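Take a look at these structures.
Next come two complexes, and both contain subunit A; in the first it sits with subunit B, in the second with subunit C.
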Partner chain A sequence: MKHFPSLILLLAFNVIFAQDKLITRTAKASFFSETPVENIYAENNQVASILLLPKKTVAFNVLLKSFKFEKALMEEHFNEKYVDSEKYPAAKFKGTFNEDIDLTKAKTYANVEIKGQMIFHGVTKPLNTIAEIIVNEDKTVTLKSKFPINLEAYNIEVPALVKDKIAPEIEVIIDATYK
Partner chain B sequence: MQLKAPLFILFLIPFYLFSQTKPQDDDMDSLFDDLDDITIKENKEVIATFKSTRLMLGQSTERVKANQLHFRISHVFGKIKGIDNFFGLDNINNMNISFEYGLSDFIQLGLARSNKPDKTYSSSVKLSLLRQIYGENAFPFSLSYYGGLDIKSRTYFPEARNKNFNGRLDYVNQILISRKISEKLSVQLSPTWIHRNLTETVNDPNSIVSIGIGGRYLISGSTSINIEYFDTLDTFDAYELNKNTLSVGFDIETGGHVFQLYFTNAFALHPGKFAINQSGDFFNREINFGFSLLREFSISKKNKH
Partner chain C sequence: MKRAIITISVVIIAVICYATYQYNKPQQDVLSSNSDYSFSAIQLIEKFNQDANASTPLFDKIITVSGKISLIEESTNTSILILNDGIKCEIKNNDAQQNLTKGMSVKIKGVFSGYDDMFNEIALVKCVIIE
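Showing the complex of A and B:
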């Protein structure tokens, strides 16, 4: 029985570890393209994300077909012509940060620097952004971030005919609440 | 007791290992695998089989989605013959204005008006019954039903004909079957049955069946070449092979608009007229130029920004 204390420790460690893997399948990603001719806004409320606090890692999986646009034709063109979602169904991101997030206290961690890699449209590129991580009163964790994506960098070609309708750089907003 | 404790530990080891492997794995892919497992799956319907709800003159299996309104103006000009009429552009054979609304993603309602030759008002419904699906549970084709009721509002002579309301009605029934074969190539088959309550002469049949075949090939992201042929079944005396409707043209899409340009021997733009072997003689250069301009509006209140 002298092993018993270490056993309990082992078990407890397991449980804590499991709780530190925070997940959501309903995170929100939206983007906005602004030009004098046309503003385009789309929203996806079915983003999957995992936040591993002990590893200080966060990852996202964004299915491109789940973006909803105001105009159905735009949604179709987005999937067909620009992101080719049948071939590249998802945009993925994995990044790490340095802050120690304490789940036991409600607190806002502003300016958390996340450094990572984005895979989008068959292209992998480094992506660094500033996020806000909030430990809420109800023990849920919210992560918010905003960053620009340059279409050309991900090999997304905008035809000359619609060049004045689509901004070369679109702004992406992430809003995820983990449980 | 001395034996049981180590046994107990042994029992826990797989448990411990299992809970450790995933978080400890630094491999990017395994984290993404975990993510894939929890991701809500997207819709695997094949999209953009055609650029527009019309293949050329006839309907395609593309649909007006929920709460969207399509406004379309189509023209077909006169015969391309000689500079006198500026290659036909001086004469308008037909102008068609249509509104099509998506009641849901699967039900589309339409109203249209063609000026010549009968001042025809058309109402229509298109039901998207089956959709082509890619991926694991693939389905090979899309199938839609298109039904229309045309009311010819022109003045007829004699008076008795003019007062015969039933005689003004034409019915259009189409099954549209399409398949996107590759990113660029899509094909469609459109069996069509037109019933006219009253025909111009006693020899004309009331019911005419034709088979529409057509397709599109993308030549760039925004432009496709389209071809469409309505082969009227040879079941009546007045049938002439040359008067089946052939249309060849382009779809050009610019964001919220789709332009269609076509060369056709048809002089009317509604199926009650062009699918019944009443077009010009395409072997005798009776070919007209036409175009249609489509604009999509969103009626939905959500997602406004």
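Showing the complex of A and C:
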């Protein structure tokens, strides 16, 4: 019985920590390449992410083979010719922000600046983006962001033959809801 | 001369047909394809624990795995089922809503898409529940 108060304290701590570390396995990453010849859209609904509010960090892990395309051939080319997903299976991002996000009130934080590093196709590059972080009524948190990825910067070569089919800069959209 | 023109036309048409077929090739149908490998969830997790390069031979392979649902995470279009705390399977929501509950034993067929080292989970996409 002597340990009872400390047990309660321990439980309380657990609850606090559980709320501090927000995770999701069902974040969505999609990208769009637009050229006059062909539009290419792909999405991945299986992105893993951790949002640590007290440390103000966010991390994403995107398995490249989980991207789904409209056409099977595009998916094949994406994996085999461009991102070489057997050699580099995941794209990773880790970033920090300055905003204090209050989980107790439903609120939209519209312009959260996230600064971080992206690892993609074996190349590490700084990546800064603006995100919208929403504390929802049901206490879940949504993070949305949009940023361009320059293929050349990550050593992804587009053969001359299909250059007019693939945009040199691809727009990536992230939509994550943490529980 | 006439014959040459006909031959060339036939070849050109064949090439166009083949290219069009390739371009419009349908997505892999997991349900009707045979699986390349069959594991219990415990076996598959153990395989990855022992071998850091276990991913390589499995990429794009259709894997059947049987295990116990340890978590269900629902999202707008798809849901994630976690088997035995170590395998995550992405399934379409209409499949997910077949009265699946935590603790249930299921057999799932899906395409291996990699190892997620953020949560240490083996990832399968395009999954269908077969039992």
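By our rule, the second predicted complex is superposed on the first by the 165 of 179 C-alpha atoms of A that agree within 3 Å, B and C clash if a C-alpha of one lies under 4 Å from a C-alpha of the other, contacts with A are read in each partner's own complex, and residues count from 1 in each chain.
The rule is short, and it goes like this: a residue touches a chain if its C-beta (ideal position, glycine included) is under 8 Å from a C-beta of that chain, and two chains touch if they have at least 3 such contacts.
Values in this document were obtained by computation on a predicted structure and should not be read as measured data.
A.B. asks: Once the two structures are overlaid on subunit A, check if subunit B and subunit C clash or fit side by side.
C.D. replies: Partners clash after overlay.
A.B. asks: Return the chain, subunit B or subunit C, that is in touch with more residues of subunit A.
C.D. replies: B
A.B. asks: Output check: A:Gln46 vs subunit B and subunit C. Expected answer is one of first, second, both, neither. What do you get?
C.D. replies: both
A.B. asks: Figure out whether A:Lys55 sits in contact with subunit B (first) or subunit C (second), or with both, or with neither.
C.D. replies: The answer is first: A:Lys55 touches subunit B but not subunit C.
A.B. asks: Which partner does A:Pro89 reach: the first (subunit B), the second (subunit C), both, or neither?
C.D. replies: both
A.B. asks: So in the superposed three-chain picture, is A:Ser66 touching just subunit B, just subunit C, both, or none of them (first/second/both/neither)?
C.D. replies: both
A.B. asks: Just subunit B (first), just subunit C (second), both, or neither: which does A:Lys144 touch?
C.D. replies: In the superposition, A:Lys144 touches no partner, neither subunit B nor subunit C.
A.B. asks: Which holds for A:Arg25: it touches subunit B only (first), subunit C only (second), both, or neither?
C.D. replies: Both partners, subunit B and subunit C.
A.B. asks: Can you tell which stretch of subunit B bumps into subunit C once we superpose, 9-17, 99-107 or 153-161?
C.D. replies: Stretch clashing with the third chain: 99-107.
A.B. asks: Subunit A residues touched by both subunit B and subunit C?
C.D. replies: 23, 25-26, 46, 48-50, 59, 61, 63-66, 68, 71-73, 85-86, 89-90
A.B. asks: Using the touch definition up top, name the residues of subunit A that touch subunit C in the complex.
C.D. replies: 23-26, 28, 45-46, 48-50, 59, 61, 63-66, 68, 71-73, 75, 85-86, 89-90, 177, 179
A.B. asks: Help me check something: in the complex, which residues belonging to subunit A touch subunit B?
C.D. replies: It is residues 1-4, 7, 10-11, 14, 17-18, 20-21, 23, 25-26, 32, 38-39, 41-43, 46, 48-50, 52, 54-55, 57, 59-61, 63-66, 68-74, 76-77, 79-81, 85-86, 89-90, 92, 94, 117, 157, 159, 161-162, 165 of subunit A that touch subunit B.
A.B. asks: Across the complex, what residues on subunit C touch subunit A?
C.D. replies: Contacts found on subunit C: 22-28, 55-56, 59-60, 73-80, 82, 88, 90, 112-119, 121, 123, 125-126.
A.B. asks: Would you mind writing out the residues of subunit B in touch with subunit A in their complex?
C.D. replies: 1, 5-6, 8-9, 12, 15-16, 19-20, 22-23, 28, 31-32, 34-36, 38-43, 46-48, 64-66, 68, 102, 134, 220-222, 253-256, 258, 296, 298, 300, 302-305
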